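Below: one structure, written as structure tokens.
For reference, chains read A, B and C in written order, and residue numbers begin at 1 within each chain.
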């Protein structure tokens, strides 16, 4: 199974790998020497593979009268692509990394394709057989790569379109495009005798349309709200004041807070805050929270306005001499809704100047103390 | 099989069964068939008939199979009638177990709801599990003399004949609270609160263990429930409400207090302990331990186990004196706490010398990346023998 | 190998030499070897795959058994020092994982793979390459999980790996990652195998074999495949959530972020409960075949056994929270699940009646296989009854997480599942290998195993009820109670029992080895069996049946050998197995197409551990693995399921067929 040539290369790959491992163990880190040895191992491995495929370039046939293909070799794209690759490589060194990468990809692809093509063309005199041999070797590589690349381009393009247009337009676009795909796909399925070129043409138009749209979207940039949100960090911190915040309190009515076994539920009824601890009968104004314990409280708003529940968790020093309150809160929820709040009080109440407490901003004099023993 | 072999097997089986049935430990501390409280009693009343039924059915099946294998062995008889089934028998044997189980089901249903009742609670104790010990805090309950919250660990002290409700949670992973003599177990799950009813008929000490795998020292996470008569419990509460006394100057205990302030106060709270400048020493376990807390040691010597109730604070003779006391004497003996003569010096010193060696805890200071430098338990403090002498002298004063 | 032709007549003129070479180049030619290691590594033949599944499962049985003996050695005395806490925790986790996922499930798959096509009169399964892929996945997954022993420690969270203990903070070593990914890979095998087997059974039965004429082993295997089909995706999801939390910082089980740890428990047990039926039903199927054969009577109440099997399959989905009675679900859920669990005891109990009535009135031949089958009836009953005591939820809150539960599931799994598998070994060995396992050694094997098993797991009932919790790396005198028969005594007995049990397993291995070396060939029908798989040579030819039989009865083979005299009602033999086989061979089919071997399943299966290794250590490796996966999937898709003629060497002049030498 192993040709003599491949055996030499495999040996080289094996020894390099072994030396590389020994080297790393001795030097105890990955450095230039290890890289060099790894490179040798990979290169030798690649060469071993190639010579295995080619059986050392020896053509063995069942019958010597099956001469190599005497027909003239057809045109090939690969030398051109290889050249383009080299150029991109050089240009990429000066300009962008991506160009360099594209160049590498072009060179690798053309190398493999070219080698295999020339090998397969001299395998026998039967072009059908030669094509089949080339196909057997390369189709498992070509189809997935092309499919992945193609899909990737379409997905990225479509995502640029969706990011660029406004949300409603985006929804409409999505519906339109997906309906089109469904419609065209059904037509293809129902008419299996449709001409191949027509099918290919329709698909190409669709793909080109999406890619063009993607390029347009990308050059336009993301829609303003997204840019703004990222810059200003709208969704990354809690706003615990008495006013409704455009970003933090968005979609509060769509949250589902079906938590079972919270440590307590705090209800706002008739302008009064009262707490009910799990397992304890009746309402209290103090709940006990074990220290350093992630606990969940469910806030139930039974009043007629929107409110949020805020927990004062002590203070922290942000800068020299400047202390800030640590607060956490629920979103602003409407009448007859509830929301869960998970928090952790690390310090004991013993030694705190101001006790930990739940309050509702805008509601004076109402609080539930969170006592940490 | 020959006749003699058959006899051998039968007698072996008989002996085996007899030995099996007789072979139980006496006074196993965590025996599930010795209920000592009304909740465990309810479970026992339900399970004993079920075990009996199961045992009877098991014996019937074994008997029938044994009969068949002897009676129908191949003795040269012709190929038997190829009966394909008897629907009546099978339907009957489906309905009969279904009926039995329906009966069991009805009683089970009732007991489940009985054991889940919280409306008749008389006393609440919050239980927090942590790797690898249990913390208890008693919220203010004037009717029991608890005017301020009490924190303790290891031994859950409760009054006899009182419907206690535990509210369990955990600081890190899932643990499970189980005192077999008093009730089944209930998991302590982080982020949730679960309730468990406990009540004890008589004063005594009831052993338990954490029963949900919680990591390295799951086997070393134990607890006891201590039931005291109502008067004794009031006395216990009074003691727990007192802060720790400052030892007299010039004693070994005073030097031990200095060691404590130096090393232990980072994690362990002792109420009433003052720093050198006279301000109260406040422990900060949340800055040193990943799970955020460490046992409160204010009244360490009022309990008789330590390190997650895994080791005794009492020497063997003293321990037997307390643990095996009759219900009438138990309260007094327990409230006497741990005196210097009865202190289990060996285990306590071993602990202070190198805790992770006694109880595997990942407290290794070289392996703290996953927890951002915080310990997972008590580390090896590198104390000298001298320090340990002083510390022990101080700890003994924490009654 | 792909096409078995009758020899061509000699007068055909030699064709002109083709310009197309008959051999394609490259190292990756389609493997068409019929002998040697290549014929095993690239096979898609269900019989070879069944044997490989069995060999792998037996290997992991020994690994899991060693882990168990180490556990028992640690617990033989108080404050044991055999294993440290860390290693002990890894040991019990891996023992359970290995036994459940790498022994019982693959061993059941071994029997299913080998015998289901034979029992339904088919030549192979519906998707042979997927079948091969399944085997290689289980092997890859099993090896992957066990790699963790060598790379930083195995998983140590218990086989049900509760969150948050299994998360990155509380289990920082890579053990749990290896565990989760290894199970994912092995799970793929279960899923694809399930689809394969369902399609096979529903579509490829012999003519005349309606579903109610199918052998019972095939029926119960079919139920198991449906259970797998719906249960494995649930654990796949759970493992994905866990892996994403551990490897990519997700917060599915992070309590501080608002998660509820009970999510893991629900997901795991929705898988975990059907899983235990997946473990036991194949063994039920095996003894439902073995008992009738050695009683010379058909299975009593075949329709009831089938329907109760299906009922277990259905109701089994509604009882998962009985593993969570102490988890804080609240009284309503607990009560409902408690009653549902009692309900499921009923169809299981019916089977005991059926088996007992099968042997009642029979002509009992106590071969080793029969010993194991009868042993299962008794031991599973004991295990099942302790299970009924758990179904009473308040009682279970005392019993759960103690050794009483350990006793229960070892009785049903060892006394049930494993004994069933051993019955299958002794019953089907002559069919698979052409030789019978030694009966005397077999009986010794049985007695050591049954005594060892009862000594090991019987005392655990006492230990549990008297308060010894499970998963403790030590037990102490302080909790062991007084008296001679205290917990210490029973722990010691259990440990000694485990050693006796090991001797029993050893005897089995010795039996296998001795049989392999012996030259004695088994008769064609050594047990006077009843079902279709015995209507073949021993071992069966590659294409199983020379002619696919037409089926008229349940227990078709029995009905071909025996007829009932209408007058005297005596059952007389009218044909021997040899007669029936000879008749088959005389009417052999002319053109039999068999699927060809392939290396793509192997490549695809082993690309998966590369991806998972990469996720644990280095993402570029994972990408490399993903690339190989993608390539393999395409290569597989582009390859025809049957190799074209050009892949074969033409027969040298004078040779007739391209038929293979028989297996064996």
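FYI, a contact is a pair of C-beta atoms (placed from the backbone, for glycine too) under 8 Å apart; a residue touches a chain by one contact, two chains touch by 3 or more.
Note that the coordinates shown come from a computational prediction; the quantities given were computed from them, not determined experimentally.
The most distant chain from subunit A, with centres taken as the mean of CA atoms, is B.
Here the largest set of C-beta contact pairs joins the chains B-C. Each chain gets one centre point, the mean of its Cα atoms, and the points for subunit B and subunit C are 39 Å apart. Taking the mean of the C-alpha atoms as each chain's centre, subunit A and subunit C sit 37 Å apart. With each centre defined as the average position of its C-alpha atoms, the distance from subunit A to subunit B rounds to 47 Å. The set of subunit A residues touching two or more other chains comprises 260-261, 294, 296, 342, 344.
Counting partner chains per residue, subunit C has residues 255, 258, 260, 328, 330 touching two or more of them.
Residue positions of subunit B touching 2 or more other chains, listed in rising order: 189-192, 194. Partner subunit C is touched in their complex by these residues of subunit B: 16, 20, 22-33, 40, 42-43, 46-47, 50-51, 54-55, 57-58, 61-62, 64-65, 68-69, 72-74, 77-87, 89-90, 93-94, 97-98, 101-102, 104-105, 108-109, 111-113, 115-116, 131, 172-174, 176, 178, 180, 183-187, 189-192, 194, 207, 209-219, 222, 290, 312, 360, 369-371. Here subunit B touches subunit A in the complex through residues 118-119, 121, 124, 126, 128, 135, 137, 139, 149, 151, 165, 167, 169-171, 189-195, 269, 271, 280, 282, 284-286, 291-293, going by the rule given at the top.
Taken together, the subunit C residues at the contact with subunit A in this complex read 17-28, 255-258, 260, 328, 330, 630-635, 638.
Touching subunit C in their complex are the following residues of subunit A: 1-2, 52-55, 60-63, 65-66, 123-126, 128-129, 132-133, 136-137, 139-141, 143-144, 148, 259-261, 294, 296, 340, 342, 344.
Here subunit A touches subunit B in the complex through residues 260-263, 277-281, 288, 290-296, 342, 344, 346-348, 350-351, 371, 373, going by the rule given at the top.
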